[in-house]
């Protein structure tokens, strides 16, 4: 290299220089460690939460804490212990469980972080999205995208628990959080079986209403029904009943992801099937919806049952093996990674 | 609201609940402050660095610190004092000055964070980008995009100082940092006036070579010359010589931004002109290239001269007024904000 | 204007000039009439074909003409009498009825003109598209896009009649016709209820299989089922049962049209409803699938019943009024007009 | 195949059937010849026009025919003798030469067919495009896209001849011709060196003005200057001075073609160089701007000199060999063929 060798400079001079540099709100790059790493130095390592812990805690919160007390929502957020105490599951994704008891209302508001709900248990709840009442049942995926008014009502007689996925860490890191509380909700007498969103955009695959203008950055379809997802997975399995299959939840008007910031998928692993060890740039949260499996995550094998949740950090290697037929919901930041040209993946056949 | 009123629960019970919640790596949403704010709670407030500080410090580093010691580069990074000591100018942008002395070589490497160089002073330096030697001179914008090999050589007899802009904070927050050191560089005997990149993509406006395949996520043009930028700004001023004008640096094959993560612009403010108070979601760094102006930033007026640098945080209000003709280079994260559907702006005529 | 007045030149000189111009394979623009018209001088005026004529003729062809004699297909093409004898319904669209008897096979071939089938009557037929067996029933829309292998089999015991729509006139005008005969088809023992295309892309609205690569210029979904279309139209009517509704058949992976050259729609007009007089650039063929209505076309009112077909020329004004509930299939060249920037429409409330 | 063998039916019955079919405005597909051909049955074979014929005829028209007489324009259109007498060079492209004498004005109008001008000879002319005065000189490409007001003025003291390329045949085949005459033009006192379009969009490669909204279906840059094109070609040749090079004229804000319907290119063949035999779907017109070459077209070799024009039909094979350095302007319908998914090409190394 063409650089001249330096005499070791007088330490006093150097110390004074570094002091002056700091005083001027500067840092010398060469004194910084770990800025550029061979592979991502991912602080939030992958982490697992157990349904056997989550469910009873949610129930106890339901007994002891009202919604009015709860910042509008009774939510327990997944805290990745490697993220410095922040209520985040990964660097870009918020995961949580939400618990809503019969007769309760989580009042209307909107915020720039986009949210999605994957229902785990219960009945009788509906979410109003931009005025459109959307019924919720286990296995349903319900969207409340960025800056869209939403509120939750439990008109039934059982509590409901769902998984919340948000892009809050990402939107926060972009300093783009806006929030607005809504007016008190009038409770409608009856909730239609199908929301207007479903009437328009889920009538049938590949049919879109003439004359509608869907929104720009998220799916106009606010609910993806378990009945549909379940049947679609079964159909995919017909071709090869012993291999894992997966569906992506898509905007029916563009084929794009449900939001500009989050991708949702449903994976079905037949008993005995497994997936290849995989690493990708970007993070995911997996929620076991039914069945049981093991996950090999960063070299450690763990057994998972329904309701368990796994935060997979960027560039962590994972694979699944189903001990019985197993359905996995996945939310990831893949659309962000792809839009910014940062995609990278390895799939290995160890 | 339909929620039942709660009796104040026994504090012991609540305390035990919260302890158990924390034990399970969870946090109750209702105990968290400031998660959702009316407008962004931007931790890195806007900040200003002065050329009268930057330049002498860079020079002293040149005297005392060699490149070999310098983590490959002699770089002083702008540290926004509101970012907890991180070497970042804003939440998404890295800003720095780099100093390269005659005969020095900053050796080849590549990394997923994209970088751009806006030359402030000096001559005789050229940057090799994917093997293509790109000469550098004051006012030039030179790109070294994500995962592209690059190295800097000073073959002249004067030091060069340039501004470095990187998307490092963003790529780091996405856990997507990869780095690879390059082989030792052979120094080419002579550097062509025009790089191959310029021959292919800067021959003339709107002319693109048949049969070339430009890259997907960044401009194939690695250098935007000050001679061109200067003349283009002058031309824009002809229509109305008293109003500020601005150019965006674009990918000549798509019209998109120079990188998927960063937008670059050059603003020229005629003496006496001013800009309207503006706030946008997303952050910027402004570098005064020539002339003098004042900036009203978050209600505080400051005088700026050539070489001064300003980090403008998301949703901070700013406006400029030129005391003499003034040229401002700007880099921002606008492409990210737009791609994710988070754009918002106010422009007010106070 | 700055033009000089001319003396009337000697006719002999002019005649000689024009003769020399013609000899050189040139024409003087100023001698040409009707090159540039205020509005399109549409040669193929709109035209109507009657089911009471079409059906018996198709049946007689079935009795007298075999498939082997039939250029691979037993097809009667709609001839717009204003198109100089060409077998075209409009300037860009081919329309036809095809008739396939029990036991018959229309053998495999492929061609660059894209084709679609809208089934009018019959059962027991399936079309093999790229090896994928697609069952056909009345009301189904089946695609055989550009350069895709296809063949038709009637394994049932009744004849089937369907409407054929092709972009043949357009592709021919672009000198882009390619054709290839296929190998003799083995008849599969049994045809699955759902084609592979439907398993993958019609499992449910907004669900797309992970890991598939859909084609670039047409929908990967080859069949849109009447059961779905019918139900979707009914759902749209729930909001306002007295107004016409319409669905567009879309590529479920992009939201785009079924082909780059043709748009398909299904319109349902409740009894007593009508549509506003409309003119658009580009042409359409309407096929009455059920019910009865009147069409006001270029100022003439005509009664239509199931099976009737209407070619609507570019810039012709039309409106429908339903005397009883009426379902209309429509194919148009709208994607072409839109892609080339030639869209124009008027809708008037006379 | 599964078709039954037919007894030869009674001819009378068949004759009656065919008569009835024709009476019902139908045609039997199996009686039609040449609908689907193995490769395009291109009616307009390739054709060549000679400058030694074109130029004198244009001059004689200038002497004998005034603009007022000339349908607004003094234009001799290239008539491909294989196109049934239509004034078209290929199935989709209009080619012509236009001749404008000193003091003449071709008055303002607009039409949906897009037009482009490639200047062959002369000086002193400027074209007003949407009010923007655009000077013209030999080698310049000037755009007057679809539905854009335009007029031509010769303020100099020499006549000008340019090549006109239009998408008229295509737009006509889509029944999308609209035309509107403009008001009489006021002649501006002086024409600026650079049009507003060039100030905004041709300031420098990759620089676009902030705050402008370019149009949707064509380049906002109305002039591409020979000075730029010439220099750009020279630069491309530096890498390999003995091989042909080519540039595409692009929309500087999108990288797309100059219009949605036409692609323009400039090819430079060094003396002794040649191109590989090529066939593509879609048609082109080549105009020799300078130098000399031979073209092998459909197996026939012809010598070409400056001003000669060649219409190359779809799927015709062509190659060039330069006897001296040769510059070729090319306009083609490639954007249409590509947008509709009909692209196909062969390049062979005989």
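In this document, chain identifiers A, B, C and D correspond to the written order of the chains, with residue numbering beginning at 1 in each.
Note that contacts are C-beta pairs under 8 Å (C-beta built on N, C-alpha and C of every residue); 3 or more make two chains touch, one makes a residue touch a chain.
Just so it is clear, the structure is predicted and the values come from calculations on it, not from any experiment.
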item	value
Touching both chain A and chain B (chains)	none
Centroid-based (C-alpha) most distant chain relative to chain A	D
Whole-Å gap between the CA centroids of chain B and chain C	52
Whole-Å gap separating chain C and chain D, where each centre is the average of the chain's CA atoms	30
CA centroid of chain B to CA centroid of chain D, Å	44
In the complex, chain D residues that touch chain B	194, 196, 199-211, 219, 221, 224-225, 228-229, 231-232, 235-236, 238-239, 245-255, 265
Residue numbers on chain A that touch chain B, as the complex places them	1-6, 9, 13-14, 17, 20-21, 24-30, 32, 35-44, 47, 49-50, 53-54, 57, 60-61, 63-71, 73-81, 87, 91-92, 96, 103-105, 107, 109, 111-113, 146, 153, 168, 170-171, 173-180, 184-185, 187, 216-218, 259-261, 281-283, 313-315, 333, 336-337, 339-342, 344
